[in-house]
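What follows are several structures.
Look for chain A in each of the two complexes below; its partner is chain B in the first and chain C in the second.
On to the complex of A and B.
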């Protein structure tokens, strides 16, 4: 069960940033292991179709990029552990993971955390009914599996993912009943210049918007889904314009909704690294220096973990983190370090303009939070409603961990990944305080639920190492 | 400068229970916590109310505590989940059988109503237990509290009884002047009190030093494991004759695996960290006791710091050389007996004739 193989570096996450950092470390002769819970490299953005999908005829651009990542990993003989879910990381560093059959522990001197982001959804009445999925989840279905969740769909939330998903849904033959965007058309126009700093993504964006326009998809700006409920014909979706207050009902079959992305901080919180709140970068993020070193020695953040900057910046951020590691480990000289990082930093500055524009399009309007009905479930693992949260606050709970303790929010299998953002917003809004003051959920192992049979395997009672009972 | 009759430093189950009882008897009470109320051991413990793991000498107190927990609506709050369950302590080998009989007998002498039952009887009480057991010890006085709700319940009750709660107030100095205590906080504020109670749990060693009292309090970091929600797989509180295990399923379907397996942790920076090998031992023992548990997934692991004196017995009562200064803490199965111990200390402070000599801090001085 315990394998204890030792590495110089373990990279957690095989997306573009994880791969670029792993490759760079391997090139310099370090012994590298790359771990991912998916069955291949690519991460969320370049997600590989399952190996069994032999007949996918039209390969997407994303699928091609993924192939290149795989080839790089092979070329530099980097060890991989796909289908392995990391559940515990302890100082020193010990990384514990499980796969379909068992658990395993590796050790390494340094860690590069490239676990990316997950999606942000601001709850509304009915967001937990069947047929409501995340916008980012929808991109996974589209990119890796090439199918649409239902023939008729409503896309809601904000940011460029709305447009990307719309593009693919149309491409794969679906009908979009409406796009409901909390931002205004003006917000989009305002961001155009900043978005142009990244010509590749900008061109893609134009392509998406054009397709939406050509297909005459109704777009509701400044609007949100206030309520959704099942009816015989499908899902009845109540749309509310946040500016005018006007409401409208539409019937559809599925809703894909998302309000941007949240950096994954499970591992850095587990390692008790310092975190800061930065709305523009996605919420609570690990505190890093310019070269992506966290506050814990030997832990580096590649990709979006310390702030969202998107796919194009990802591989550069991976490189930057790996240069910092190589320098700290005295494998490259100060001069090499300066030379190598100088260009990357410049490039990243440019991406930052783009990232900022995206984050403005993903802005969470105050109204969106205020409008959440008191009976709406916020923590869906533990069924905690907005009013239960506010009751705890009324009783004097002021810290998010205290609210967690009193209401059970964040105690379920997702450990608050899904609700922490919304809870913080709701409470900060209610108390009229900064989110920083509420703190963040303490990281707790396991960061993903661990099947007991896999951790334990078969064992004899006699072989259990026992701890002596307390005195009588 | 603020004034109060009684200043209680430490807002856990011990400080909270003592304060609640004093306030109900008309005293003006302030509870001070350097963190938030019941976020220490009292908010993160396993909440097991069992006699099978209680130190023999503390059985009479744990029994009284158990009774208080069973009617929280009378003295605390309706809003804390408490369940009465049967308790089974399992023996898997012949040696353990002997140990169990021996230990149960001693606990019986101290007043616990524990009986040794056959494997068949045990299986009738809870069909989910491992069929390879030799025998079990049975006690009707068992159950659990959802300890995460402690803070919410206590702050409500304390506020209703006009207790002042000062959170995020860290004590830096205590001056004793003309029978008054001047408590100086790190933020510069001061509080004057006629009586002082130290109830700072695992921090008692440090806090007692403020009064020039030097005793050793060990800090035991302990791990707890909770599963995802699952269908009913057990209906009793399970402990074992040999080693550490406490196991129960809450009404929401989650199963809590505890018993006191050590993790890593210290009081200096309130740091805790899991010890994976001890998680595994704890889980194995749990799955051995209730085999169906193996089909579950672990949702979360957390740790708490428990205080222990050199003889593993509590310190409760007057602090020598000081007028109206008291200490309460380091109580084994302290969550179970905390409400009663707090009440006892409050009664003593109110002038009743209460014998706390068993817990006198002088034995360490």
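On to the complex of A and C.
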């Protein structure tokens, strides 16, 4: 269905940055639409519980922050399109989305892309077994859906998410069989001073680590899951110490794994914006100026989508992008723009110190990539293994799009979101080259699978205008 | 062991869903992928080439791994809220 409703700004993503930018635009009188795949605001970090859940006396901080975001949207009467999956964005701008029943198209003069991140996961043999899930998935299970993922769990990967998930699993009565961290204890200690620049998150971190320590959870540092396979009791995991080479097997029910976050570039790649590779900021990101303008006129980036800097910085980044938009649209003066952005830029500089420390804890060691077995499926959608990727490289593929054409990786329903980072790392490691040289997957729509019946909608065959056949 | 955390929210009505002709108890509005997962229904579909079992993975609508059939239509189950009497098929439904 073409709706053709026109807006001044469409904000894609209703996380903390999307909401702050939408609110700021609405305050200045712009007609704003905010679109999100989920049923409420909050994004992933403050993901809202299902609407059927009724709050009782005890409160979880994240759920409270989400409520405030919802109230802001209501207060400024911002139009929302929740439960809408965006599957195409074209210049002009036309945003195509679908919900449970139909498809819809909106138009806007400007776009604020606040689509956040998805999880970075370095594959290992057996990561496709049902029962192996993302660490970020665990945060959603615990804090939004209010479940413990399983009776017993192994947490693996690196970075603060490991500790956060461990904290909540213990708090809610789950059992952690092991924490497997590719970083060393020294890496954590080294990052302490930088992490302290963000006292709120630092205090949370200390709280998490204490809980893990007091509950005597076995922590394997410098280690990774090398292989996992199904057994009667659950999943058998082979842990490998990347420094000493020692191995150990543990059996658990569920494995949660994550190695940090990757900025979502689906829409900026579709719009052919320029992108740059920045390992610290999470990999390929849309190139932006200091005020988060992309290389495409009228397209702004807010939140972690323009490089990882965390939840606390997200709402400020949303504000910054919206000030740039308001200035470009001549709604505020140069003086107002300078005044409003000056303080935000200073604050963001401070958050960068913290973000850098986090990114170092999410560092992907070379050994982790080397250690992936050749039979490991890397592209989950199309079942493409590491050896198939390397064969394509051996035969001369040097660009990730060429590897895509030859192997089908990145052609499946996820459009490479899950595997692009790992593929780039594997190939760069194999060729001993920079990831920049391999390029990134060209954006292709649909960025999410869109059911054809929804695109077609309901119609009578009789009412279709028949075109006369061309003369032979 | 019920894996639901009940310290912060009361669930809505108790309902039943039908998974491969098996009755599963849940609460209205809960996340389908997760209810299947905690009921040990983890193998949701087969991968296209190797026919490996696949299941819930990212839980945020990105990876598309948790596809199931509801009323014979393919949907990603992490984005579905449970309704009473929902008919779900998991496993080798690509035939």
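By definition in this document, the second predicted complex is superposed on the first by the 455 of 472 C-alpha atoms of A that agree within 3 Å, B and C clash if a C-alpha of one lies under 4 Å from a C-alpha of the other, contacts with A are read in each partner's own complex, and residues count from 1 in each chain.
The rule is short, and it goes like this: a residue touches a chain if its C-beta (ideal position, glycine included) is under 8 Å from a C-beta of that chain, and two chains touch if they have at least 3 such contacts.
Quick caveat, the model's predicted, so the values are computed rather than measured.
In the overlay built on the shared chain, the residue A:62 is in contact with neither chain B nor chain C. Once the two complexes are overlaid on the shared chain, A:380 sits against chain C while remaining clear of chain B. Once chain A of one complex is fitted onto chain A of the other, the partner contacts of A:450 are limited to chain B, with no touch recorded for chain C. Of the two partner chains, both chain B and chain C are touched by A:413.
Once the two complexes are laid over each other on the shared chain, residue contacts for A:352 go to neither chain B nor chain C. Look at A:402: by the touch rule set out above, it reaches chain B but stays clear of chain C.
Touch criterion met: A:49 reaches chain C, while chain B stays clear of it. The contact surfaces that chain B and chain C form on chain A in the two complexes overlap at residues 412-413, 449, 451.
For chain C in complex with chain A, the touching residues are 1, 3-12, 27-31, 34, 37-38, 42-44, 47-50, 52-65, 67, 73-74, 79, 81. Here chain A touches chain C in the complex through residues 37, 39, 44, 49-56, 58-60, 63, 85, 118-119, 128-134, 136-137, 140-142, 145-151, 172, 174, 377, 380-383, 412-414, 417-418, 448-449, 451, going by the rule given at the top. Residues of chain B that touch chain A in their complex: 36, 39, 43-44, 53, 55-56, 92-93, 103, 106-107, 132, 148-149, 151-152, 155-156, 159, 165, 167, 226-228, 242-244, 260-262, 271, 273-274, 276-278, 280-281, 283-285, 287-288, 293-302, 312, 332.
On the chain A side of its complex with chain B, the touching residues are 88, 90-91, 94, 96, 105, 272, 392, 395-399, 401-402, 405-406, 408, 411-413, 415, 444-446, 449-453, 455-456, 459, 461, 464-472.
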